[in-house]
Amino acid sequence: MKYLYFPGCSLKGTGKAYEESLLAVFGALGVELQELEDWNCCGATAYMSVDETKSYALAGRILALAERERLDVVAPCSACYLVLNKTQKSLQEHPELHRKVTGALQAAGLDYKGTVKVRHPLDVLMNDVGLDAIKQKITSPMAGHKFAPYYGCQIVRPYATFDDQHNPVTMDQILQASGAECVEYPHKTRCCGGSLTGTVPEVGLRLAYILIKEAKQRGAEAIVTVCPLCQFNLDGYQDAIAKKYERVDLPILYFTQILGLALGLPAADLGFKRGIISAEAVLAGR
Amino acid sequence: MAEQKEHQNGIPRIGFYICHCGSNIASIIDVEDVRKYVATLPGVVVSRDYKYMCSDPGQELIAQDIREHKLERLVVSACSPNLHEETFRNAAAKGGLNSFYFQMVNIREHASWVHEDKAAATRKAKDLARAAVYRVRFHQALEKRKVPVDPNVLVVGGGIAGIHAALTLANAGKKVTLVEREATIGGHMALFDKTFPTMDCAACILTPKMSAVKSHPNITLWTYSEVEKVEGYVGNYKVSVKRKPRYVNEDLCVGCMACIDACVFKEPKFPDKFNQGLGKRKPVYIDFPQATPKVVLIDPATCIQMKTGKCKKSCADACDRKAFDFNQQPELKEIQVGTIVLATGFKTYDAKRDALYGYGRYPGVFTALEIERLVNASGPTLGDVVLRDGRHPKAVGIIHCVGSRDEKTNKWCSRVCCMYSLKLAHLIKEHSGAEVYNFYIDMRTPGKGYEEFYDKLLAEGVHFIRGRVAEVTDWAMTPEEQGKLVLRVEDTLAGFVRRIPVDMVVLATGMEAQADAGEVRHKFNIGCGSEGFFQERHPKLAPVNTFTDGIFIAGACQGPRDIPDTVAQAGAAAAEALVLIDAGHVELEPNTAHVVEEECCGCKSCVPLCPYSAITLDEAKKKAVINEVLCKGCGTCVAACPSGSIRQNLFEDDEIFSEIEGVLAQ
Amino acid sequence: MSEQPSMAPVVAAPAVAFEPRIVAFFCNWCTYTAADLAGVSRLKYAPNVRVIRVMCSGRVDPQFVLEAFAKGADGVLLGGCHPGDCHYAEGNYKTLRRMRMLIRMLKELGIEDGRFRLEWISGAEGDKVKAVVNEMTAQVRALGPLDLPGKFKEWDREMEDLEQHVNASAPQQEEAHVR
Amino acid sequence: MPLEQKLKYEAERDVKFANWVTRETGGENLRHCIQCGVCSATCPLSLYMDYTPRRLINLAREGFKKEVLSSLTIWLCASCYACRVECPKKIQVTDIMYLLKRRAIQEGVYPRHFPIPVLAKEFGRMIFLFGRVNETLLVIDLFLRTNWFRFLGMTRLGMNLMRTGRMSFIPEQIKRKRELRKILAALDAEEQKESAL
């Protein structure tokens, strides 16, 4: 099993722990990831507010580069995953946009056909690797640990390609396969406010506080997420939350970190030291 | 206005008529221009335009011209032949011309209504008229075929639509077979407690009709049965019906229910489907006390005797009539009927599909049908409105349009939900005293006494919040919300978002076509719209007819509707069947195929093509023969015949080739 | 149209735009009814299609299609019930089989793909009639005129020229040969 | 308290603006809105907005351009797509927010001191320069351009990120920056051609 890997800016910056744990877990499961050569930023949500066509062209370059390799692309960052999927759909549905974007790409010697498949790590684990294969490789199950599975917005919205829009379950199933328990968490797909915390803190902090507090009340020892922006937002601003509301101190982890532990990988390889809120309780005894 | 000219040698004398249809045609197509143009075509001796060709004076004009100008062919440019072909054929006959010396041109549905460019539409009208003028020269004089109509009728579906249609037909003296899939007739109406807006009790008005069906000498009632196969054509259908085993002899059982008391299960243990799973039943059961026929049946999936063969069969022992038969087998019955009324009903939307409303996840969320059973005096709680844990709700939210008016699920308005939500709001308030909220997008109350009913509910103090609920959640933000289900909604009239805590949520689920509507329509060879409901022949003028003659539709199988509309439509379907029966025969289009014997080479390539097995090979002569009674006139064999020896009346090769030539000539 | 003041530059009068002529064969029960429904629903679509009604798409002889092209059609559209929905049980399956062969033959004759189209349109799909007609009109417009009658004439002329040429040159050759 | 004008005259409407929205990608379904409000109710940010998404859609549809473009609503949208998923009429609310944001920036009517449009522009500049985005530099830049005083309050977060090795002051760059700039230049040329028409 081999895929192209599109890390995106976050996984090289604030989301390093995601990259470290993802690569470790995929390696342990025998899935090869080949980093896309000379990839650029996908434009995320911000660039769309400035220039629509250019924003699609940025994503278009990534897709065109990927097409040359004839492999599915794995995009672990939710924003990248959405932008790449949205670009393909929009170009397909709007001929005029398609003309402009492919024209610009051709000016730089790139060819876009729209043939590449953009996948999420959860999708690959669930549908290509399979739960049974994962379960077989679990060596140190996470028994006794309780987590709140948090998917965030952009991996199931607006395009639910591999999971339900309102009640996604793939990560729940993977965490359960790791031996952990998932709390019933109503905010699974509620927005964390990540794109606003840096700019309008009073708004972003409230959204983050709601998510963390509810997870805590439902007995979770950590929130487990799939998105680097959510992780940064929920992990990085707990000091500010403490100042404004109350101290919450809940570790925010990536699902790949939990799965990595269950696969018996050393915590040091899984980026645990990168969490601002310490996850010692989760690591206890390992 | 008219052009007239002298007759040309060798070509039949053709009359051409173009209709204005008020302004429907004339506002887009320059009818005078077309009239003048057609007058120049070979053979055309009269060319006229007229305000309404289909009117009496319009038809009279044609008949008179035929006599006066000795017309030999007739072309009318007007609306769709599906609407008025018959009208003008009759006009031709009135003038003394064979009806089939006529060709119709559709310039309304196919031109003036669908084009905006006047010049292009007029060009199209000319092309189509020319094609008809070229074609009609080759028309032959034909006669319609007459076939007798069997007076017996099949009604499929025993809901209120089927019941009403069957009784109407039976009261008119016709023999009716009523086939129902479930163990009892009554359909959805039997589940309801009250009916809007009059609030009369559903059972009080339905059960007398159910018993009338059972006791009517002209009705044969087959419940727990399904139609397997339909063959034949209008007036002469052969139908196979499968009667599923009840494991109780229907003729012997008197419905005393002693067997149910005697069953080895002392307490009812299995989910009761009739009560939407809110109550329990035993393996031997009857859906409800007034079930018709009043005959018990056994559920083989839960009965110990059926599963293991090792039960002491106390039920059978308790039966003085010895009605039990654990070895009963399905039975296949064949009947002969002339007409069929389909009244197969609807199913309700599956509330689980809208995950955001939490049905199946939060026990406090109910479907409207479940509430119908809860408020029913003979339901599982005897009319007590309680939550699944036995508590009484203090606040109830009714969410409208669940599975309706939503591009993601069903686009249509289900028509009944506003009204039944009002009814349930009233009943819940009456039975429990709870605070009731209605969440609606638009209130749709078009019906006799419906708006007044809405007004009454407003006066009763039921809350009406205009907004589509975004979420049902147990996430509490305030102490009052603890332990409640919270509905988040924009009160669009007030202009802000509200959170409303309730104990019980009722989902007003919409109406959908039956899950197997697709299969059923194939069996009966009728059409479905994209929503899955059966397709009527014309949305306004033939609402109970289908494209297959002799098969009629009634009730919610054709689209969402309430009880009054359903009953009215059932009566209409029965009347349409009676029209055919009383006429005694039907006339069929003479568009059958026939073999020109001397040209047939006996290659047999046509024989397997015919879906009706109308073609055989005369072994002695080595020539194909077509049975005209069996032929339905599709023309597939005509197109396939390598020697060109098969011809189809009304669709001869000459006719179609000249139409092609005419449409393209300039 | 012609009364409108011309917006075009005065120098060159634009040539009359090409308007494709498309002949359609619609089955009575599904596609013809769908076209009626499009009318009743007042959907607007391109005025380039002329419909010939048949009871079943199974009646359509490939010769009808060829004849339409030969008589000057730029495109031919054939509409029937969806597979499994035929009013006559299975006429449309036979159509499908037959038309697959025809499509191969049209290719041989040099008639482009987009000029012949087979569509399943049920009686409820008025909007599909609109979409198909508009799409096909645009497609055929892009392909330009087919004009088989014109080509036939041209071919006839070429044949005549060739004949004349052959007749004119033959005696000389014979002479040369004799010499 | 100043009195707010609640009366609107027909002359205040800009019908062209509404038509423009329906022509943009994502705006096509604008007119199908039945004002059910599910977008506002599902929106986690509607409580901060001056107009709820439902009201904004209504204002845009009616052509109240000034109100729409100067509203805070469009800048508070976090692009979580909850509204778009719930909408019974498949209105692409998120994309409408995007296209309104772009128009507001174009027309220069966004609130100047408001950091979000500044961030959006800064983001674009960084992509043009490096091909990738460095979150650290982006944040610093942002605060310096809007309210540098706030930057001081964020030092704790910066320290934390440094401690955990998640902060870098050196921007990641792509190799073939010329290729990327060619693409962007081709689109600029296209736009010039269009506006010349």
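Couple of notes before you dig in:
Labels for the chains are A, B, C and D, by order of writing; each one numbers its residues from 1.
Keep this in mind: a contact is a pair of C-beta atoms (placed from the backbone, for glycine too) under 8 Å apart; a residue touches a chain by one contact, two chains touch by 3 or more.
Everything quoted here is computed from the prediction, not taken from an experiment.
The remaining chains, with chain B left out and nothing else moved, group by touch as A, D | C.
Among the pairs B-D and A-B, the greater number of C-beta contacts is found at B-D.
The innermost chain, defined by the distance from its C-alpha mean to the mean of all protein C-alpha atoms, is B. The centroid of the Cα atoms in chain C and the matching centroid in chain D are 50 Å apart.
Note: centroid distance chain A to chain D, computed from Cα atoms, is 22 Å. Looking at chain B, residues 356 sit in touch with two or more other chains.
Within chain C, contacts with two or more other chains are made by no residue at all.
Contact between chains, using the touch rule, shows up for A-B, A-D, B-C, B-D.
Residues of chain A touching chain B in their complex: 164-167, 186-187, 214.
On chain D, the positions that touch chain B within their shared complex are 34-38, 40-42, 46-47, 52, 54-55, 86, 88-90. Remark: chain B residues 355-356, 361, 473-475 touch chain A in the complex. By the touch rule above, chain B contacts chain D in their complex via residues 356, 401, 405-408, 441-442, 466-471, 488-492, 495-497.
Interface residues of chain C, counted against chain B in their complex, comprise 1, 19, 21, 23, 29-30, 32-33, 35-36, 38-40, 42-45, 47-48, 50-56, 58-61, 64, 67-68, 71-73, 84-85, 87-91, 94, 98, 122-125, 130.
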